[in-house]
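Pasting a structure below so you can have a look.
Chain naming follows the written order as A, B, C and D, and within any one chain the residues start at number 1.
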Amino acid sequence: MGLTFKEIVEKVKTQFPDSIVSTQEEVIQPWFETKPEILNKVCRFLKDDIELDFDFCESISGVDDTKNLWVVYHLTSLRKKHLIILKTKTERENSQLPTVMDIWKTADWQEREIYDLYGIKFDGHHDLRRILLPEDWQGHPLRKDYKFPEDYDGIPLR
Amino acid sequence: MPGIKTQEILVNMGPQHPSTHGVLRLVIKTDGELVTEVTPIVGYLHRCAEKIGENVTYDQWIPYTDRMDYIAAMGNNLGISLAVEKLLGMEAPPRAQVIRVLVCELNRVASHLIAFGTFGLDVGAFTPFLYAWREREMILNLFEMLCGARMTFNYIRIGGISFDIDQKFIDKTKEFIEWFEPRIKEYNDLLTYNRIFVERTAKIGIISPERAISYGLTGPNLRASGVNFDVRKDFPYCGYEKYQFNIPLGRDVPEIGAVTGDCWNRYYVRIEEMIESIKIIKQTLENIPAGEYYDAPKKIKPKAGEVYTRIENARGIVGFYIISDGSEKPVRAKVRAPSFINLSILPEIGKNVLVADLIAILGSIDIVLGEIDR
Amino acid sequence: MLLDFGVLLLYIVIACGFLTAALVAGRIIRPNKPYKDKLTTYECGEDTIGTSFIQFNVRFYVIALIFLIFEVEIVLLFPWAVVYKNVGLIALIEMGVFILILLAGFAYVWSQKDLEWVKSEIETEKEHGTNL
Amino acid sequence: MKEFIEHLYNELEFLEGLPFIIPFIIGSFILAFIIINFIAVFAGVCTYIERKVAARIQARVGPYMVGPHGILQWLADALKLLFKEDTVPEKADKLLFKLAPFIVFAGSFACWVALPLAPAFSPARLNIGILYIIAFGSSVILGILMAGWASSSKWALFGAMRSAAQIVSYEVPTGLTILAMLLITGTLDMHNTIAQINLDGTISGGQSQGLPFPLNYFSTNADNFSAGMFSWYIFRYPPFTFIAFIIIYICALAETNRVPFDIPEAESELVSGYHTEYSGMRFSFFFLSEYANMFVFSAIITTLFLGGWLPPFNITGSLLAPACGIILYMLVKGKTTDPANRFIAFCTGAGIGIFLGVLSGDKNYWFADYLGIQSLRFIEGLFWFFTKSFGLVILMMWLRWTIPRYRVDQLMELCWKKLTPLAFINLFCIGILEWLYK
């Protein structure tokens, strides 16, 4: 087995001393939060470091906790067989985050999905369009304050 | 004829097209027969299953997961059940665990049969498709015997399974295995080593391991590129560590000209996985522990917290990311859908190929639109 | 013999007549309710992008040319084949020369890669490095 | 055909005084009418058989509801197509769109004129028979190209382009192979091609030496020898004639757009190819002509290689075959329960029987001669011609449901880089052999 959560966080801390906002260890699956400005660098480090080697970005999820919007990265190392959960936060209005598309190609569609359903804009994404919903859909349905529309293109939805 | 440009045309392939495996739309730009660009457009089946998940209780969401990967629905049931069980801090009884493995592997065989059959269909061989259908029908009959449903099972529940199995089911399953095992050779004779089939699929749509990992491919698609990663082995759940089975990997086969990560390997890994699944099924049938098969609290109300679980389904890793706030309904219920992520590689490998090859590549990725669109 | 060719003409007329009869019979009994959506061309359920009356790939033209040359050659050879038995060695040599000239052309076309059809680009470089 | 009407004209008294042309036209008209209906029915039955063959191969039942064992299914299909609305796309080139089925159908129907269906019987006896069939068979391309272009659908355009390139390319090896066979037959008249084969395997008119090596031993020794199937052109110069047969059969598959060369209508790629936009009756004409074409090509191959209307073996042979088969079957029956093995045993026995029958040297070649009823020869000839041709059609169906489809570049490569050079070499070899053995 690879590194434990503590060791991973320690390594990230030594590389980027002020990148970690908080860590949560007393939960089922521990995670740490990083600053959005430095997210891209942290991810690059997580992937490129020989010992960490997080080559596989398993899942990118958007989360809305009614105060902030979060993006959660579940990363796995296929060689080292360890995993890490990385979170980052952005405000509800004008939510923006750097893309990790240049690190893991899989982020392309997953970020588009998050943009589609949460409205988080990813800076540097090459083709940020809606993916699941029609191009002219109003709003981002997975936000907690989303109001279900009465109709779409004249088709009643209720 | 280098240097001579001809008009390129944009063609909609899909949503109503025989080989886009559902309502997938590919906008392709072609120059003669050559596809220079392909843009997948998905979402025709979108019903925002994740939003639904936030508005129903944990139990009620299980039937919705059936509708995602409707070809291998057992895996989805298992994924959500494991996630909620982890949130609750409990485990299903041993009998249920074994039966879960049994039905999931049966479902994997059924799903790979479809992949095998439809891939044959994509390259123009009609007959293997119906052979696959014949065998799948038997598995579906088994499932019908088990829980009354043939595709959308809602069988694996939080805390166990919904119905116990009986001796008749075990006998029938053994009967099926006996019938099925020689069929693999039949498939290989008919399709796998057919000259035309090999010429159509070998060295087509090669995905290198780096690219496969970078695009987050999972399941047979990843393993066909030679990457040995299977959640069942590397992060075992449901007692998979107890079973003896191999992880088939893609490899170079110089006799027929196939190379690691091409369409032929993606196809053949599935055939080999069926053999491995049968091995696991045999082992589960050998010792099914007695005892409870369902043991869950009356009211499923996990403590606040979050959990991400993953299982190896037929098409790859199905991940469930559940956040609970202590109420009966999840705050966030996210699914990592393998087909969705597997398909994202298509624009990359579907460039500069012939129309016929594009179809072969799409078929070899083996997508289910229900899961992509959710 | 001329009569026999007359029969041939008769057959073509009858074939067309048969088709017309079937279509007319169909016209009487079949429904005819066209509307705009029904009359669109099929493009997998989406609106067509652009027109399909385009300049198609030039490759087909090359194939047509090569075909033309060969077909003319074959047609020229037909009378030769019929009388071959009676003429013997001379016919064999003569035609051998004729065919060889054309084969030289064929070899030229082959070497110019005009017989190559478009193919998918295959990544020949195999990336190594991961030992998973 | 002409001979038959002449015969009637001379016999029937009430026709006296009429010019010959009138009964001739009427007779031809009736025959044409019969044949066109026959083709329609034949194509219909073919679709039924194809579905049954497919079902058998795919472990299912196939059409079962209309009539006993679904035998009337094709009729129901035809009726359904007749009742279907006929839509012409708005953007289509309407004239070409409507004209295309006519050209395709007329082209394939006109080919039937020159087919030698039975001894002394073909609708019209053309002295340029085979050339004519090649020429008219090619008119199908024109129709397909028209259909694809006029539809204004991209899928149809793809299909038409592929189809044109494919059929045009495969004309070359087909032509070369037919040429090679012409060196042996020495006639373009398809009727003569068969009629000139003598009982002992020699070709009258030409100075051909008769049978190949091991068999000519018997033919020189026995007066009353009949060569049976060894008098067919396919056994003339083995292995070159075998190669020619294989080349032309592959080409036939390609020219009729059958699997593995069905790329013009590749369902999984092009939806339905060049007839995507066609519906109802117009669609069915494409379908009809496809099956008619399959038969025409099989008939050409039958004539050039498989002895046309000639029976495959003489009377003794035909009796020996089942006899040996049954003997071997009985021998094996006690030892194996597998029906496949029993079947193989029977076939082996039959094969041995056929061989012995051929070598037995019975002069009674035709069953009709054996019985002494000359007019039976016509029906017997018809039977053998259709059996052989239809066997080849069934083989096409069998192939269709067994193997996958080629890709367009592989198809072109196969044609230009493999079949065409092979056909050239074959032509040379047969030419040299024919000159040596003349």
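Just so we're on the same page, a contact is a pair of C-beta atoms (placed from the backbone, for glycine too) under 8 Å apart; a residue touches a chain by one contact, two chains touch by 3 or more.
From a predicted model like this one, the values you see are computed outputs, not experimental measurements.
Trainee: Where's the contact count highest, between which chains?
Mentor: Top-ranked chain pair by contact count is C-D.
Trainee: Find the chain most remote from chain A, comparing centres computed as mean CA coordinates.
Mentor: D
Trainee: Please report how many Å separate the Cα centroid of chain B from that of chain C, as a whole number.
Mentor: 42
Trainee: Quick one: chain A and chain B, Cα centre-to-centre, how many Å?
Mentor: 25
Trainee: Let me have the rounded angstrom distance from the C-alpha centre of chain A over to the C-alpha centre of chain C, please.
Mentor: 55
Trainee: Could you grab the centroid distance between chain B and chain D? Build each centroid from C-alpha atoms only and quote it in angstrom.
Mentor: 46
Trainee: Counting only residues that touch at least two other chains, what does the list for chain D look like?
Mentor: Residues 154-155, 161, 271, 408-409 of chain D touch two or more partner chains.
Trainee: Give the residues of chain B touching no fewer than two other chains, as numbers and ranges.
Mentor: 9, 11, 17, 32-33, 211, 213, 227, 229, 354, 357
Trainee: Counting only residues that touch at least 2 other chains, which ones in chain A make the list?
Mentor: 78
Trainee: For a test of understanding, state which residues of chain A touch chain B in their complex under the given definition.
Mentor: 27-29, 55-59, 61-65, 72, 74, 78, 81, 85, 104-106, 108-110, 113, 117, 130-134, 141-142
Trainee: Note which residues of chain D are touching chain C in the complex, please.
Mentor: 1-2, 21, 24-25, 28-29, 32-33, 35-36, 40, 82-92, 101-102, 105-106, 109-110, 112-113, 123-127, 131-132, 149, 151-157, 161, 164-165, 168-169, 171-172, 175-176, 179, 182-183, 186-188, 206-208, 271, 276-277, 280-282, 285, 408-409, 412-413, 416-417, 420, 424, 427-428, 431-432, 434-435, 438
Trainee: Which bits of chain B are touching chain D when the two form their complex?
Mentor: Listed in rising order, the residues of chain B that touch chain D are 9, 11, 17-19, 32-33, 120-127, 130-131, 134, 190-191, 194, 196-197, 199-200, 354-357, 359.
Trainee: Sort out for me which residues of chain B touch chain C in the complex.
Mentor: Touching chain C from chain B are residues 1, 4, 6-7, 9-17, 20, 25, 27, 31-34, 203-204, 206, 208-211, 213, 226-229, 259-260, 351-354, 357.
Trainee: Hey, which residues of chain C end up touching chain D in the complex?
Mentor: Contacts found on chain C: 1, 3-8, 10-12, 14-16, 18-19, 22-23, 25-27, 29-34, 36, 38-44, 48, 51-53, 56-57, 60, 63-64, 66-67, 70-71, 74-75, 77-78, 81-85, 88-89, 92, 95-96, 99, 103, 106, 110, 115-119.
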